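Every chain is named by a letter (A, B, C, D, E, F, G, H, I and J) in the order it is written, and numbering of its residues begins at 1.
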């Protein structure tokens, strides 16, 4: 796994919400070998550290040639970003472009201590 | 009933939400014999298995020549998909194009153990 | 009152929601005698029967030459449709085009047993 | 035919364009007896007189109970309004709500001296 | 204060919601003397009487030459309309066009008996 | 070929434009056997007759089980409708939903006497 | 007439286009005494001078209490602004909010030397 | 810190909500030295005083040349505005334009006495 | 160069227009090595053959790992597709997502015999 | 004047169109000293060289602290970019956010050899 850089939370005593939307995510369908395209949204309440924006971008780039299903990639990103910044709460939403006439959306959440 | 293929849930220990939107659904009005057109949205929390996208598409195709009312088709899809993947929760929404100057929407839900 | 045809609920053991939107409603302003135009939305949970779509359309047509205020027509439709299909819950929304530079919306609800 | 009031053009020596959009037009389908709903747009270059807005509204109301086809009503309105104000140029556009799953638009033009 | 006409609630035994949106409100900034423009929305549950639409329009017109701040006008309208129709609940929303590069929105509510 | 009913042009001495938009067209892909979905727009200047709306609808329905490519169906509809009503001018536009991540649009025109 | 301040065109040897859109115009209907609301757009090619933005705003304010018809106000603004800055070309568009269920738009143009 | 002018709350005995949206915020990225652009929304329930709109505008201008991260600027604005007007509740939302292909949103809240 | 499959034009005696929009194009910036994302639209009048949709998709995929500038990729696609199907006319439009705060669009055309 | 880097046109024998949209332009109003915000669009047909995107961005940044009117900045950008890349044709459009309740747009063009 790529390590994802973080920086100290500038206001650790306040619970506040950070959202980063990446409309340029692409991975590869493990069945067909063809590229998938999606919008990945990470929404979280930081604890001690915040995700560094450029590091997040490079983390997403690591999926460009990876064969992985929608359900798996969404849960994998949640696991990796939780490990990287240990937030109080985090939600990953992946919205995928039309395949076989259908659009898909996957949403997974993490709550510290649950 | 057509059998609907599934695959193992890649993250069975996390409750997360999967949505598939099919804007290309068509069935037949049992009264007039004319085609109906709608958008079918399935939204569910998987348990042990997930719905395979291509299998879902073929399941929807089986309605192309079937005469069935809005209210019945919505509940039938819910029954069939619940039987296929035994989810923790599932919601089917059908949105229909204008007939007689009116648009209709039907929403039906399933909650395991209720 | 016009009688409004119904048909048996195909899934009476499940609470689900049906919505019919009519963007072509017109009645007459009792003050000016000029036509009013609105969008009428009926949203309900059926019990034993469902509203038949064509019958609903003809019911709405009966207002075309009737002089009646926004507030009254909204409550009248709710009373008539509740009487016709005895639903578990029903909500009527009427949204009216601009009159005197103002747009109006009326929302009335029925809950069985309250 | 209803007579349509006009008023003197306040700037008869300049060719300029007036547009009135009526999104609340309704007439009756001569085949089914059911109401049709449309948006009527009149766009014209006045000569000696302009169409009075309230008179135009009442003219449109005269179609509320009239059975007439899309193509005929569009040409009839053009003929009547040209007769009423003798413009240099006029264009009538009628846009109709969905019937049988289809939307229709009719456009007819008049050019003085052609 | 202008008196605001009302009429008897046609369904006093049902709690339902009436909304009137006026996108053509204008008053005067007491600091600069320049006009302010806004959208005023009144949303209420009537008790014994309803606000008459034309009376409401004339009430709003009384602000056309009045110098008054956003926060004050919103609360004043709420006080005046509550006094006029003694509703069960009422909410006033004022949305103002850009001033100094900023848009403002004020929302004030009344609940009977609080 | 299905014969397509027409009716006499109510204003044959004026060149005017009629547009019918059908957002519910479906045919079958001859390669995969899967359904295609599109919006078909016919725009024409009538000569002696106009296309009857209900007949046009039934004509479109005849493609529901036909295997035919985008380019071919567009030109075929133009040929059939020109034969049916012999217009002065006609344009067919077909807009297709996403296949393989791509959207397609085909436009073909007919001009009498060219 | 209010005099309208101008400033020297910073690039008099190039024909270029300036547009100012005022969505906050209001005047008074001479028939009913009620306010009218519109969007006034001035689009012009300057010659020796440009219209000063603040002066233009104050010019528009002078209509706030003036009773004048749509067609007249549009032509009057064109005449006044042409007199103020003597442009090579100018176009005034006035778009009015709904009155009697109808929206109106007036467009008038000036071309130097015609 | 710049002092931010306030004025007495015109209705201190009612809890109501004021929102000011500034779509023209700009600060400087401390890493690259390049400008950042965002929309800052302040939403609050005033206690004894309200934020003066012009003073708020000048406060925002003080960030034009300041190097500061998204997370820090959002929390800093919340701290400064809370100090200035001591509201009952306040929420700051900052929405940032695309950087590195990603959009970011930060939301921070203050509740008196927590 | 990848060879791009074609099929015989089903209506070679009529000049008509085919458009294929690919919103999922991605290549690599030769300066930074980071991916670029764009929408590629090909619009053409076929002569003897048409572009096969699946072949076109695979042609676009060949850019996924190629370092190439916006201006070059647009002209290269035009050259390749003209060589593949020898159309009467063709236009390529590439619309690129935000880089450095800016959006770019490139349009290149081919006309046979010029 | 800042020098603006260019690179060789990859297809100098074809006339094609390049557009760069910068929605993050800001300069200073010379009258009030307050910032102006706008969208600057450059659209051009290159001759021997193209504008380098990053250089263009830095060129725009040089206006951040410059006091200059809308009309002047638009013409200045046109003059500077024409000097930098000597295009066959170029058009600059500047669209400005609301000031004094009005939006402004300026468009200036250059054609080589005129």
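In this text, a contact is a pair of C-beta atoms (placed from the backbone, for glycine too) under 8 Å apart; a residue touches a chain by one contact, two chains touch by 3 or more.
Nothing here was measured: the structure is a model prediction, and the numbers come from that model.
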item: Most distant chain from chain C, judged by the mean position of its C-alpha atoms; value: J
item: Separation of mean Cα positions, chain F and chain E [Å, integer]; value: 52
item: Separation of mean Cα positions, chain G and chain D [Å, integer]; value: 28
item: Length of the line joining the C-alpha centres of chain F and chain H, rounded to whole Å; value: 56
item: Two or more partner chains touched - positions in chain F; value: 23-24, 37, 97, 99, 101
item: Chain-chain contacts as defined at top; value: A-B, A-F, A-H, A-I, B-C, B-D, B-F, C-D, C-E, C-G, D-F, D-G, E-G, E-H, E-J, F-I, G-J, H-I, H-J, I-J
item: Of all residues in chain B, those that touch chain A in their complex; value: 7, 9-11, 14, 16-24, 46, 50, 53-54, 56-57
item: In the complex with chain E, residue positions of chain C that touch it; value: 69-72, 74-75, 99-109
item: Of all residues in chain F, those that touch chain B in their complex; value: 23-24, 26, 34-35, 37, 61, 64, 97
item: Sites on chain J touched by chain E in the complex; value: 37, 97-99, 101
